[in-house]
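What follows is a set of structures for review.
Shared between the two complexes below is chain A, which has chain B as its partner in the first and chain C in the second.
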Partner chain A sequence: MKFTIVILGPPYTDQAAETAFRFAQAVLEKKHHIYRLFFYHDGVHNASSLLSLPQDEIQPSQRWRQLIDQYQLEAVVCIASALRRGVLNETEAKRFAKPGNNLMPGFELSGLGDLIDAAQHSDRLITFGPSS
Partner chain B sequence: MNDALPPSNQTQHSSDQDKPNTPITPNTRRILLVCRTAPYGNALARESLETALAAGAIGAKVAMLFLDEGVWQLAQHQKPQGIGRKNHSAMLGALPLYDIDTVLVDRDSLSKRCIDLAELGDFTQLIDSLQVKEVIADHDVILSF
Partner chain C sequence: MTLHTVNKSPYLSQCLADCLDRVSAGDSIVLIEDGVYGINCATSETLSALNKAIAQLMTLGVQFCALRPDIEARGLQTTSANCPFNLLSDGDFVDLVCEADKVLSWY
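Entry: the complex of A and B
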(Lines of atoms letter the chains of each structure in order from A and count residues from 1; the text may use other names and numbers.)
(Lines give C-alpha, C1' and ligand atoms only; values in the text may rest on other atoms or scores of the structure.)
Protein backbone atom coordinates (compact mmCIF):
# COMPACT_ATOMS: atom_id res chain seq x y z
CA MET A 1 0.00 0.00 0.00
CA LYS A 2 1.17 3.54 -0.80
CA PHE A 3 1.11 5.97 2.10
CA THR A 4 1.64 9.71 2.27
CA ILE A 5 2.43 11.10 5.67
CA VAL A 6 1.62 14.73 6.40
CA ILE A 7 3.44 16.21 9.38
CA LEU A 8 1.91 19.39 10.80
CA GLY A 9 3.43 19.22 14.28
CA PRO A 10 6.79 20.76 15.29
CA PRO A 11 9.71 18.75 16.65
CA TYR A 12 10.21 18.51 20.42
CA THR A 13 7.21 20.68 21.45
CA ASP A 14 4.62 17.95 21.16
CA GLN A 15 4.29 14.31 20.26
CA ALA A 16 2.77 14.49 16.75
CA ALA A 17 6.01 14.47 14.73
CA GLU A 18 7.48 11.68 16.86
CA THR A 19 4.35 9.60 16.27
CA ALA A 20 4.56 10.38 12.55
CA PHE A 21 8.16 9.17 12.49
CA ARG A 22 7.29 5.91 14.24
CA PHE A 23 4.34 5.42 11.90
CA ALA A 24 6.58 5.96 8.88
CA GLN A 25 9.08 3.45 10.25
CA ALA A 26 6.33 0.89 10.84
CA VAL A 27 4.95 1.38 7.32
CA LEU A 28 8.38 0.71 5.81
CA GLU A 29 9.17 -2.23 8.08
CA LYS A 30 5.91 -3.83 6.98
CA LYS A 31 7.11 -3.48 3.36
CA HIS A 32 4.58 -0.84 2.39
CA HIS A 33 5.64 2.21 0.41
CA ILE A 34 5.77 5.86 1.30
CA TYR A 35 4.80 7.97 -1.70
CA ARG A 36 5.83 11.18 0.00
CA LEU A 37 6.50 12.80 3.35
CA PHE A 38 4.96 16.26 3.36
CA PHE A 39 5.94 18.76 6.03
CA TYR A 40 3.49 21.61 6.44
CA HIS A 41 2.53 24.24 9.03
CA ASP A 42 4.83 23.93 12.10
CA GLY A 43 5.94 20.55 10.75
CA VAL A 44 8.50 22.39 8.59
CA HIS A 45 10.72 22.82 11.66
CA ASN A 46 11.44 19.10 11.52
CA ALA A 47 13.59 19.85 8.48
CA SER A 48 15.83 22.36 10.24
CA SER A 49 19.47 21.30 10.43
CA LEU A 50 19.92 23.72 13.32
CA LEU A 51 17.91 21.65 15.80
CA SER A 52 20.36 21.03 18.64
CA LEU A 53 19.00 18.84 21.39
CA PRO A 54 21.15 17.52 24.26
CA GLN A 55 23.29 14.59 23.15
CA ASP A 56 21.30 11.94 24.98
CA GLU A 57 18.07 12.96 23.23
CA ILE A 58 16.68 12.22 19.78
CA GLN A 59 17.88 14.65 17.07
CA PRO A 60 14.64 14.91 15.04
CA SER A 61 15.89 16.28 11.71
CA GLN A 62 18.96 14.04 11.76
CA ARG A 63 16.80 10.98 12.33
CA TRP A 64 14.34 11.94 9.55
CA ARG A 65 17.30 12.32 7.25
CA GLN A 66 18.54 8.82 8.06
CA LEU A 67 15.13 7.36 7.27
CA ILE A 68 14.90 9.40 4.06
CA ASP A 69 18.36 8.23 2.96
CA GLN A 70 17.83 4.61 3.95
CA TYR A 71 14.57 4.22 2.03
CA GLN A 72 15.17 6.89 -0.64
CA LEU A 73 12.03 8.74 0.43
CA GLU A 74 10.73 11.93 -1.08
CA ALA A 75 10.52 14.48 1.72
CA VAL A 76 8.85 17.73 0.70
CA VAL A 77 8.74 20.80 2.90
CA CYS A 78 6.09 23.36 1.92
CA ILE A 79 8.05 26.36 0.73
CA ALA A 80 5.51 28.98 1.84
CA SER A 81 5.28 27.51 5.35
CA ALA A 82 9.04 27.09 5.54
CA LEU A 83 9.98 30.63 4.49
CA ARG A 84 7.59 32.13 7.02
CA ARG A 85 9.18 30.03 9.74
CA GLY A 86 12.82 30.52 8.80
CA VAL A 87 13.58 27.16 7.20
CA LEU A 88 15.55 28.05 4.06
CA ASN A 89 17.68 26.23 1.53
CA GLU A 90 20.67 27.86 -0.11
CA THR A 91 18.68 29.31 -3.02
CA GLU A 92 16.06 30.92 -0.79
CA ALA A 93 18.67 32.22 1.64
CA LYS A 94 20.37 34.00 -1.26
CA ARG A 95 17.09 35.27 -2.66
CA PHE A 96 16.12 36.86 0.65
CA ALA A 97 19.70 37.89 1.50
CA LYS A 98 19.80 35.87 4.70
CA PRO A 99 23.04 35.06 6.51
CA GLY A 100 22.61 31.29 6.34
CA ASN A 101 20.53 28.35 5.29
CA ASN A 102 19.29 25.45 7.37
CA LEU A 103 17.34 22.96 5.27
CA MET A 104 18.61 19.51 6.21
CA PRO A 105 19.96 17.56 3.22
CA GLY A 106 17.45 14.97 2.07
CA PHE A 107 14.54 17.40 2.33
CA GLU A 108 13.41 19.63 -0.53
CA LEU A 109 11.35 22.82 -0.60
CA SER A 110 8.36 22.68 -2.91
CA GLY A 111 4.78 23.85 -3.25
CA LEU A 112 1.38 22.74 -2.01
CA GLY A 113 0.73 21.14 -5.38
CA ASP A 114 2.86 18.26 -4.07
CA LEU A 115 0.45 17.76 -1.19
CA ILE A 116 -2.55 17.60 -3.53
CA ASP A 117 -0.66 15.31 -5.91
CA ALA A 118 0.11 13.04 -2.95
CA ALA A 119 -3.56 13.03 -1.92
CA GLN A 120 -4.45 11.96 -5.45
CA HIS A 121 -1.80 9.26 -5.81
CA SER A 122 -1.60 7.58 -2.39
CA ASP A 123 -3.82 4.80 -1.09
CA ARG A 124 -3.74 6.41 2.34
CA LEU A 125 -2.91 9.93 3.45
CA ILE A 126 -2.35 10.24 7.19
CA THR A 127 -2.05 13.59 8.97
CA PHE A 128 -0.11 14.00 12.21
CA GLY A 129 -0.72 17.07 14.36
CA PRO A 130 -1.06 19.84 14.99
CA SER A 131 -1.44 20.11 18.71
CA SER A 132 -4.57 21.87 19.86
CA MET B 1 -22.96 1.49 -22.19
CA ASN B 2 -23.64 -0.54 -19.05
CA ASP B 3 -24.95 -3.43 -21.13
CA ALA B 4 -21.57 -3.80 -22.72
CA LEU B 5 -19.83 -4.34 -19.41
CA PRO B 6 -18.75 -7.87 -18.54
CA PRO B 7 -20.57 -9.52 -15.61
CA SER B 8 -17.55 -9.12 -13.34
CA ASN B 9 -18.35 -5.41 -13.10
CA GLN B 10 -21.80 -6.02 -11.68
CA THR B 11 -20.78 -5.87 -8.02
CA GLN B 12 -19.01 -2.58 -8.56
CA HIS B 13 -22.19 -1.08 -9.96
CA SER B 14 -24.39 -2.31 -7.14
CA SER B 15 -22.74 0.15 -4.78
CA ASP B 16 -23.49 3.16 -6.97
CA GLN B 17 -25.52 4.85 -4.27
CA ASP B 18 -22.52 5.17 -1.99
CA LYS B 19 -19.75 5.93 -4.44
CA PRO B 20 -19.47 7.48 -7.87
CA ASN B 21 -19.58 4.70 -10.45
CA THR B 22 -16.49 5.88 -12.26
CA PRO B 23 -13.34 4.14 -11.07
CA ILE B 24 -11.21 6.15 -8.68
CA THR B 25 -8.30 7.53 -10.63
CA PRO B 26 -5.93 10.20 -9.36
CA ASN B 27 -7.88 13.02 -10.96
CA THR B 28 -11.26 11.86 -9.73
CA ARG B 29 -10.25 11.27 -6.11
CA ARG B 30 -12.42 13.49 -4.00
CA ILE B 31 -10.57 15.45 -1.34
CA LEU B 32 -12.25 16.91 1.73
CA LEU B 33 -10.53 19.64 3.73
CA VAL B 34 -11.86 19.67 7.27
CA CYS B 35 -11.31 23.08 8.87
CA ARG B 36 -11.72 23.09 12.63
CA THR B 37 -9.65 25.99 13.89
CA ALA B 38 -10.47 29.66 14.44
CA PRO B 39 -9.22 32.05 11.73
CA TYR B 40 -6.59 33.72 13.92
CA GLY B 41 -4.51 32.74 16.92
CA ASN B 42 -2.92 29.98 14.86
CA ALA B 43 -1.74 29.90 11.25
CA LEU B 44 -3.56 26.66 10.55
CA ALA B 45 -6.74 28.30 9.25
CA ARG B 46 -4.82 30.36 6.75
CA GLU B 47 -2.78 27.37 5.69
CA SER B 48 -5.91 25.28 5.16
CA LEU B 49 -7.26 27.98 2.82
CA GLU B 50 -3.98 28.05 0.96
CA THR B 51 -4.26 24.29 0.53
CA ALA B 52 -7.78 24.69 -0.83
CA LEU B 53 -6.72 27.29 -3.39
CA ALA B 54 -3.68 25.24 -4.43
CA ALA B 55 -5.93 22.22 -4.93
CA GLY B 56 -8.44 24.26 -6.92
CA ALA B 57 -5.68 25.77 -9.04
CA ILE B 58 -4.53 22.35 -10.25
CA GLY B 59 -8.06 21.15 -10.88
CA ALA B 60 -8.40 18.67 -8.02
CA LYS B 61 -11.88 17.77 -6.83
CA VAL B 62 -12.04 19.50 -3.47
CA ALA B 63 -14.73 20.20 -0.94
CA MET B 64 -14.39 22.05 2.36
CA LEU B 65 -16.11 21.36 5.64
CA PHE B 66 -16.12 23.93 8.43
CA LEU B 67 -16.65 22.46 11.87
CA ASP B 68 -16.24 23.49 15.51
CA GLU B 69 -14.11 26.64 15.95
CA GLY B 70 -13.52 26.56 12.20
CA VAL B 71 -16.92 28.16 11.59
CA TRP B 72 -15.50 31.47 12.85
CA GLN B 73 -13.49 31.58 9.63
CA LEU B 74 -16.74 32.40 7.82
CA ALA B 75 -17.63 35.40 9.95
CA GLN B 76 -17.84 38.68 8.05
CA HIS B 77 -16.01 41.89 8.92
CA GLN B 78 -12.86 40.31 10.32
CA LYS B 79 -10.37 42.90 11.60
CA PRO B 80 -7.22 41.02 12.59
CA GLN B 81 -4.92 44.00 11.96
CA GLY B 82 -5.30 44.84 15.67
CA ILE B 83 -3.46 41.64 16.58
CA GLY B 84 -0.80 42.04 13.89
CA ARG B 85 -2.25 39.57 11.44
CA LYS B 86 -3.23 39.88 7.82
CA ASN B 87 -6.90 39.47 6.97
CA HIS B 88 -7.22 36.27 4.98
CA SER B 89 -11.02 36.08 4.81
CA ALA B 90 -10.96 37.35 1.22
CA MET B 91 -9.47 33.98 0.26
CA LEU B 92 -12.83 32.42 1.13
CA GLY B 93 -14.55 34.58 -1.43
CA ALA B 94 -12.09 33.31 -4.02
CA LEU B 95 -13.09 29.66 -3.53
CA PRO B 96 -15.78 29.69 -6.25
CA LEU B 97 -13.25 31.19 -8.68
CA TYR B 98 -11.09 28.14 -8.06
CA ASP B 99 -14.04 25.84 -8.79
CA ILE B 100 -14.46 24.89 -5.14
CA ASP B 101 -18.24 24.84 -5.11
CA THR B 102 -18.84 22.60 -2.13
CA VAL B 103 -18.30 24.57 1.05
CA LEU B 104 -20.15 22.87 3.87
CA VAL B 105 -20.82 24.31 7.30
CA ASP B 106 -21.94 22.37 10.35
CA ARG B 107 -25.19 23.90 11.61
CA ASP B 108 -24.62 22.79 15.22
CA SER B 109 -21.21 24.43 15.38
CA LEU B 110 -22.81 27.69 14.24
CA SER B 111 -25.71 27.61 16.67
CA LYS B 112 -23.47 26.74 19.63
CA ARG B 113 -21.53 29.91 18.90
CA CYS B 114 -24.59 32.05 18.16
CA ILE B 115 -23.26 32.92 14.71
CA ASP B 116 -25.95 34.54 12.60
CA LEU B 117 -26.68 32.74 9.35
CA ALA B 118 -26.68 36.12 7.62
CA GLU B 119 -22.95 36.21 8.37
CA LEU B 120 -22.29 33.40 5.93
CA GLY B 121 -21.43 33.93 2.30
CA ASP B 122 -23.86 32.57 -0.27
CA PHE B 123 -21.27 30.05 -1.46
CA THR B 124 -21.80 27.95 1.69
CA GLN B 125 -24.24 25.12 2.41
CA LEU B 126 -25.46 24.23 5.91
CA ILE B 127 -25.49 20.60 6.93
CA ASP B 128 -26.54 18.73 10.09
CA SER B 129 -24.24 16.69 12.30
CA LEU B 130 -25.51 13.41 10.87
CA GLN B 131 -24.66 14.60 7.37
CA VAL B 132 -21.16 15.47 8.57
CA LYS B 133 -20.48 11.78 9.04
CA GLU B 134 -21.87 11.00 5.60
CA VAL B 135 -19.78 13.70 3.95
CA ILE B 136 -16.60 12.42 5.58
CA ALA B 137 -17.44 8.84 4.58
CA ASP B 138 -18.21 9.98 1.04
CA HIS B 139 -14.75 11.39 0.29
CA ASP B 140 -11.63 9.50 -0.75
CA VAL B 141 -9.10 11.64 1.09
CA ILE B 142 -9.56 13.69 4.25
CA LEU B 143 -7.13 16.47 5.05
CA SER B 144 -7.75 17.66 8.56
CA PHE B 145 -6.70 21.10 9.79
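Entry: the complex of A and C
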Protein backbone atom coordinates (compact mmCIF):
# COMPACT_ATOMS: atom_id res chain seq x y z
CA MET A 1 0.00 0.00 0.00
CA LYS A 2 1.26 3.52 -0.83
CA PHE A 3 1.34 6.04 2.01
CA THR A 4 1.85 9.78 2.12
CA ILE A 5 2.79 11.22 5.50
CA VAL A 6 2.24 14.91 6.22
CA ILE A 7 4.32 16.37 9.06
CA LEU A 8 3.14 19.68 10.54
CA GLY A 9 5.16 19.78 13.77
CA PRO A 10 8.74 20.95 14.33
CA PRO A 11 11.32 18.96 16.29
CA TYR A 12 11.14 19.51 20.10
CA THR A 13 8.09 21.77 20.37
CA ASP A 14 5.73 18.82 20.21
CA GLN A 15 5.63 15.14 19.41
CA ALA A 16 4.17 15.24 15.88
CA ALA A 17 7.45 14.74 14.00
CA GLU A 18 8.51 11.98 16.39
CA THR A 19 5.20 10.13 15.89
CA ALA A 20 5.45 10.62 12.13
CA PHE A 21 8.97 9.17 12.13
CA ARG A 22 7.88 6.13 14.15
CA PHE A 23 4.89 5.68 11.83
CA ALA A 24 7.10 5.92 8.74
CA GLN A 25 9.45 3.28 10.17
CA ALA A 26 6.52 0.98 10.93
CA VAL A 27 5.11 1.46 7.40
CA LEU A 28 8.46 0.49 5.86
CA GLU A 29 8.97 -2.45 8.23
CA LYS A 30 5.58 -3.77 7.09
CA LYS A 31 6.88 -3.65 3.48
CA HIS A 32 4.48 -0.91 2.42
CA HIS A 33 5.70 2.03 0.33
CA ILE A 34 5.94 5.70 1.16
CA TYR A 35 4.90 7.71 -1.88
CA ARG A 36 5.95 11.01 -0.33
CA LEU A 37 6.85 12.68 2.95
CA PHE A 38 5.44 16.20 3.00
CA PHE A 39 6.80 18.70 5.51
CA TYR A 40 4.45 21.63 5.93
CA HIS A 41 3.99 24.61 8.30
CA ASP A 42 6.45 24.34 11.25
CA GLY A 43 7.24 20.80 10.07
CA VAL A 44 9.77 22.36 7.66
CA HIS A 45 12.19 22.82 10.58
CA ASN A 46 12.81 19.05 10.44
CA ALA A 47 14.65 19.68 7.15
CA SER A 48 17.20 22.12 8.57
CA SER A 49 20.80 20.90 8.43
CA LEU A 50 21.76 23.49 11.07
CA LEU A 51 20.14 21.71 14.02
CA SER A 52 23.08 21.21 16.36
CA LEU A 53 22.62 18.82 19.24
CA PRO A 54 24.77 17.05 21.80
CA GLN A 55 26.10 13.89 20.14
CA ASP A 56 24.31 11.51 22.50
CA GLU A 57 20.87 12.89 21.63
CA ILE A 58 18.55 12.00 18.76
CA GLN A 59 19.44 14.05 15.68
CA PRO A 60 16.02 14.75 14.12
CA SER A 61 17.00 15.95 10.64
CA GLN A 62 19.88 13.44 10.35
CA ARG A 63 17.53 10.64 11.30
CA TRP A 64 15.04 11.65 8.59
CA ARG A 65 17.87 11.89 6.09
CA GLN A 66 19.07 8.37 6.89
CA LEU A 67 15.55 6.99 6.40
CA ILE A 68 15.18 8.95 3.14
CA ASP A 69 18.54 7.67 1.84
CA GLN A 70 17.99 4.08 2.95
CA TYR A 71 14.58 3.72 1.30
CA GLN A 72 15.06 6.29 -1.50
CA LEU A 73 12.07 8.27 -0.25
CA GLU A 74 10.78 11.49 -1.73
CA ALA A 75 10.80 14.17 0.96
CA VAL A 76 9.13 17.41 -0.06
CA VAL A 77 9.34 20.57 2.00
CA CYS A 78 6.66 23.16 1.26
CA ILE A 79 8.58 26.06 -0.26
CA ALA A 80 6.25 28.81 1.00
CA SER A 81 6.40 27.47 4.58
CA ALA A 82 10.17 26.97 4.33
CA LEU A 83 11.15 30.40 3.03
CA ARG A 84 9.17 32.13 5.75
CA ARG A 85 10.94 30.07 8.39
CA GLY A 86 14.47 30.39 7.02
CA VAL A 87 14.85 26.92 5.54
CA LEU A 88 16.54 27.59 2.19
CA ASN A 89 18.30 25.62 -0.52
CA GLU A 90 21.17 27.07 -2.52
CA THR A 91 18.96 28.51 -5.26
CA GLU A 92 16.63 30.29 -2.86
CA ALA A 93 19.53 31.58 -0.74
CA LYS A 94 21.02 33.18 -3.85
CA ARG A 95 17.66 34.53 -4.99
CA PHE A 96 17.05 36.24 -1.64
CA ALA A 97 20.75 37.20 -1.23
CA LYS A 98 21.11 35.27 2.04
CA PRO A 99 24.53 34.40 3.51
CA GLY A 100 23.96 30.63 3.53
CA ASN A 101 21.62 27.73 2.87
CA ASN A 102 20.51 24.99 5.21
CA LEU A 103 18.20 22.51 3.47
CA MET A 104 19.35 19.04 4.46
CA PRO A 105 20.43 16.89 1.47
CA GLY A 106 17.72 14.38 0.64
CA PHE A 107 14.94 16.96 1.05
CA GLU A 108 13.61 19.14 -1.78
CA LEU A 109 11.66 22.39 -1.80
CA SER A 110 8.44 22.27 -3.78
CA GLY A 111 4.89 23.58 -3.80
CA LEU A 112 1.51 22.51 -2.49
CA GLY A 113 0.79 20.91 -5.86
CA ASP A 114 2.96 18.03 -4.64
CA LEU A 115 0.60 17.53 -1.70
CA ILE A 116 -2.43 17.40 -4.03
CA ASP A 117 -0.56 14.98 -6.28
CA ALA A 118 0.33 12.83 -3.26
CA ALA A 119 -3.31 12.76 -2.12
CA GLN A 120 -4.33 11.59 -5.59
CA HIS A 121 -1.66 8.94 -6.01
CA SER A 122 -1.41 7.46 -2.50
CA ASP A 123 -3.69 4.81 -1.06
CA ARG A 124 -3.55 6.46 2.36
CA LEU A 125 -2.65 9.98 3.49
CA ILE A 126 -2.07 10.60 7.18
CA THR A 127 -1.40 13.95 8.83
CA PHE A 128 0.52 14.40 12.07
CA GLY A 129 -0.61 17.73 13.43
CA PRO A 130 1.14 19.94 15.97
CA SER A 131 0.03 20.15 19.58
CA SER A 132 -0.56 23.90 19.45
CA MET B 1 -14.55 3.07 7.86
CA THR B 2 -12.80 6.29 8.79
CA LEU B 3 -9.94 6.23 11.27
CA HIS B 4 -9.74 9.27 13.55
CA THR B 5 -6.55 10.21 15.39
CA VAL B 6 -6.64 12.49 18.45
CA ASN B 7 -3.34 13.92 19.72
CA LYS B 8 -4.40 16.25 22.56
CA SER B 9 -5.27 15.60 26.19
CA PRO B 10 -9.03 15.78 26.89
CA TYR B 11 -8.17 17.74 30.06
CA LEU B 12 -6.76 20.61 27.96
CA SER B 13 -8.52 20.44 24.62
CA GLN B 14 -11.88 19.86 22.96
CA CYS B 15 -10.22 17.61 20.36
CA LEU B 16 -11.58 14.31 21.66
CA ALA B 17 -15.03 15.79 22.39
CA ASP B 18 -15.19 17.25 18.84
CA CYS B 19 -14.10 13.93 17.40
CA LEU B 20 -16.71 11.98 19.39
CA ASP B 21 -19.39 14.39 18.15
CA ARG B 22 -18.61 13.55 14.56
CA VAL B 23 -17.66 9.85 14.34
CA SER B 24 -19.93 7.50 12.45
CA ALA B 25 -20.96 3.95 13.31
CA GLY B 26 -18.15 1.54 12.52
CA ASP B 27 -15.36 4.16 12.65
CA SER B 28 -12.17 3.74 14.69
CA ILE B 29 -10.54 6.23 17.03
CA VAL B 30 -6.85 6.08 17.93
CA LEU B 31 -5.51 8.21 20.77
CA ILE B 32 -1.91 9.25 20.13
CA GLU B 33 0.65 11.49 21.88
CA ASP B 34 -1.01 13.50 24.71
CA GLY B 35 -4.34 12.20 23.40
CA VAL B 36 -3.65 8.97 25.31
CA TYR B 37 -4.66 10.75 28.54
CA GLY B 38 -8.15 10.10 27.16
CA ILE B 39 -7.91 6.47 28.31
CA ASN B 40 -8.85 7.88 31.74
CA CYS B 41 -12.32 8.59 30.35
CA ALA B 42 -13.58 5.28 31.71
CA THR B 43 -12.61 6.09 35.29
CA SER B 44 -12.37 9.87 35.65
CA GLU B 45 -15.33 11.83 36.97
CA THR B 46 -13.93 14.98 35.33
CA LEU B 47 -14.38 13.30 31.99
CA SER B 48 -17.73 11.67 32.70
CA ALA B 49 -19.45 13.33 29.71
CA LEU B 50 -16.87 11.76 27.41
CA ASN B 51 -17.24 8.47 29.22
CA LYS B 52 -20.97 8.40 28.43
CA ALA B 53 -20.35 9.35 24.79
CA ILE B 54 -17.76 6.58 24.45
CA ALA B 55 -20.08 3.97 26.00
CA GLN B 56 -22.83 4.98 23.59
CA LEU B 57 -20.54 4.95 20.55
CA MET B 58 -19.26 1.48 21.47
CA THR B 59 -22.80 0.16 21.06
CA LEU B 60 -22.65 1.58 17.50
CA GLY B 61 -19.53 -0.44 16.76
CA VAL B 62 -17.00 2.39 17.10
CA GLN B 63 -13.61 0.92 17.95
CA PHE B 64 -11.48 2.73 20.57
CA CYS B 65 -7.69 2.35 20.53
CA ALA B 66 -4.63 4.05 21.97
CA LEU B 67 -0.93 3.88 21.08
CA ARG B 68 0.85 1.72 23.63
CA PRO B 69 4.30 3.43 23.31
CA ASP B 70 2.70 6.81 24.09
CA ILE B 71 0.85 5.35 27.10
CA GLU B 72 4.01 3.77 28.45
CA ALA B 73 6.02 6.97 27.89
CA ARG B 74 3.55 8.77 30.19
CA GLY B 75 3.44 6.05 32.84
CA LEU B 76 -0.32 5.64 32.53
CA GLN B 77 -2.07 2.65 34.08
CA THR B 78 -3.92 0.48 31.61
CA THR B 79 -4.86 -2.39 33.87
CA SER B 80 -8.43 -1.23 34.49
CA ALA B 81 -10.90 -3.91 33.42
CA ASN B 82 -13.35 -1.28 32.19
CA CYS B 83 -10.78 0.49 29.99
CA PRO B 84 -12.50 0.40 26.57
CA PHE B 85 -9.31 1.09 24.63
CA ASN B 86 -7.38 -1.52 22.66
CA LEU B 87 -3.66 -0.85 22.90
CA LEU B 88 -1.76 -0.69 19.62
CA SER B 89 1.91 -0.94 18.71
CA ASP B 90 3.15 1.34 15.91
CA GLY B 91 2.80 -1.65 13.56
CA ASP B 92 -0.80 -2.28 14.66
CA PHE B 93 -1.48 1.40 13.99
CA VAL B 94 -0.23 0.98 10.40
CA ASP B 95 -2.45 -2.12 9.96
CA LEU B 96 -5.48 -0.18 11.19
CA VAL B 97 -4.75 2.69 8.78
CA CYS B 98 -4.67 0.11 5.96
CA GLU B 99 -8.07 -1.26 7.05
CA ALA B 100 -9.58 2.23 7.07
CA ASP B 101 -10.71 4.02 3.90
CA LYS B 102 -9.26 7.29 5.08
CA VAL B 103 -7.68 8.98 8.07
CA LEU B 104 -8.98 12.11 9.78
CA SER B 105 -6.52 13.79 12.18
CA TRP B 106 -7.90 15.85 15.08
CA TYR B 107 -5.26 18.24 16.43
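The rule we apply is simple: the second predicted complex is superposed on the first by the 132 of 132 C-alpha atoms of A that agree within 3 Å, B and C clash if a C-alpha of one lies under 4 Å from a C-alpha of the other, contacts with A are read in each partner's own complex, and residues count from 1 in each chain.
By definition in this document, a residue touches a chain if its C-beta (ideal position, glycine included) is under 8 Å from a C-beta of that chain, and two chains touch if they have at least 3 such contacts.
Quantities reported herein were computed from a predicted structural model and do not represent experimental measurements.
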Task = Once the structures are superposed on A, label A:D14 by its partner contacts, choosing first (chain B), second (chain C), both or neither.
result = second
Ask   = If you stack the two complexes on chain A, which partner ends up touching A:H32: first (chain B), second (chain C), both, or neither?
value = second
Ask   = Should A:E92 be classified as contacting the first partner (chain B), the second (chain C), both, or neither?
value = neither
Request  = Check the residue A:M1 against both partner chains and state whether it touches chain B (first), chain C (second), both, or neither.
outcome  = second
Message = Which partner chains sit in contact with A:Y40 here, chain B, chain C, both or neither? Use first/second/both/neither.
response = first
Ask   = Looking at the overlay, does A:L125 come into contact with chain B only (first), chain C only (second), both, or neither?
value = both
Ask   = When the two structures are overlaid on chain A, which partner does A:E108 contact: first (chain B), second (chain C), both, or neither?
value = neither
Request  = Considering only the touch criterion stated at the top, classify A:S81 as touching first (chain B), second (chain C), both, or neither.
outcome  = first
Task = Check whether A:F23 is in contact with chain B, with chain C, with both or with neither, and answer first, second, both or neither.
result = second
Request  = Name the residues of chain A shared by its contacts with chain B and its contacts with chain C.
outcome  = 8, 125, 127, 130
Query = Which part of chain A faces chain C closely enough to touch in the complex?
reply = 1, 3, 8, 14-16, 19, 22-23, 25-27, 29-30, 32, 124-131
Key: Interfacial residue positions of chain C with respect to chain A in the complex   = 5, 7-8, 32-34, 67, 69-70, 89-91, 93-95, 97-98, 100, 102-103, 105-107
Ask   = Hey, which residues of chain A end up touching chain B in the complex?
value = 6, 8, 40-41, 80-81, 84, 111-113, 115-117, 119-121, 125, 127, 130, 132
Task = Under the touch definition given earlier, write down the residues of chain B that touch chain A in their complex.
result = 26-27, 29, 31, 37, 42-44, 47, 50-51, 54-55, 57-58, 60, 141-145
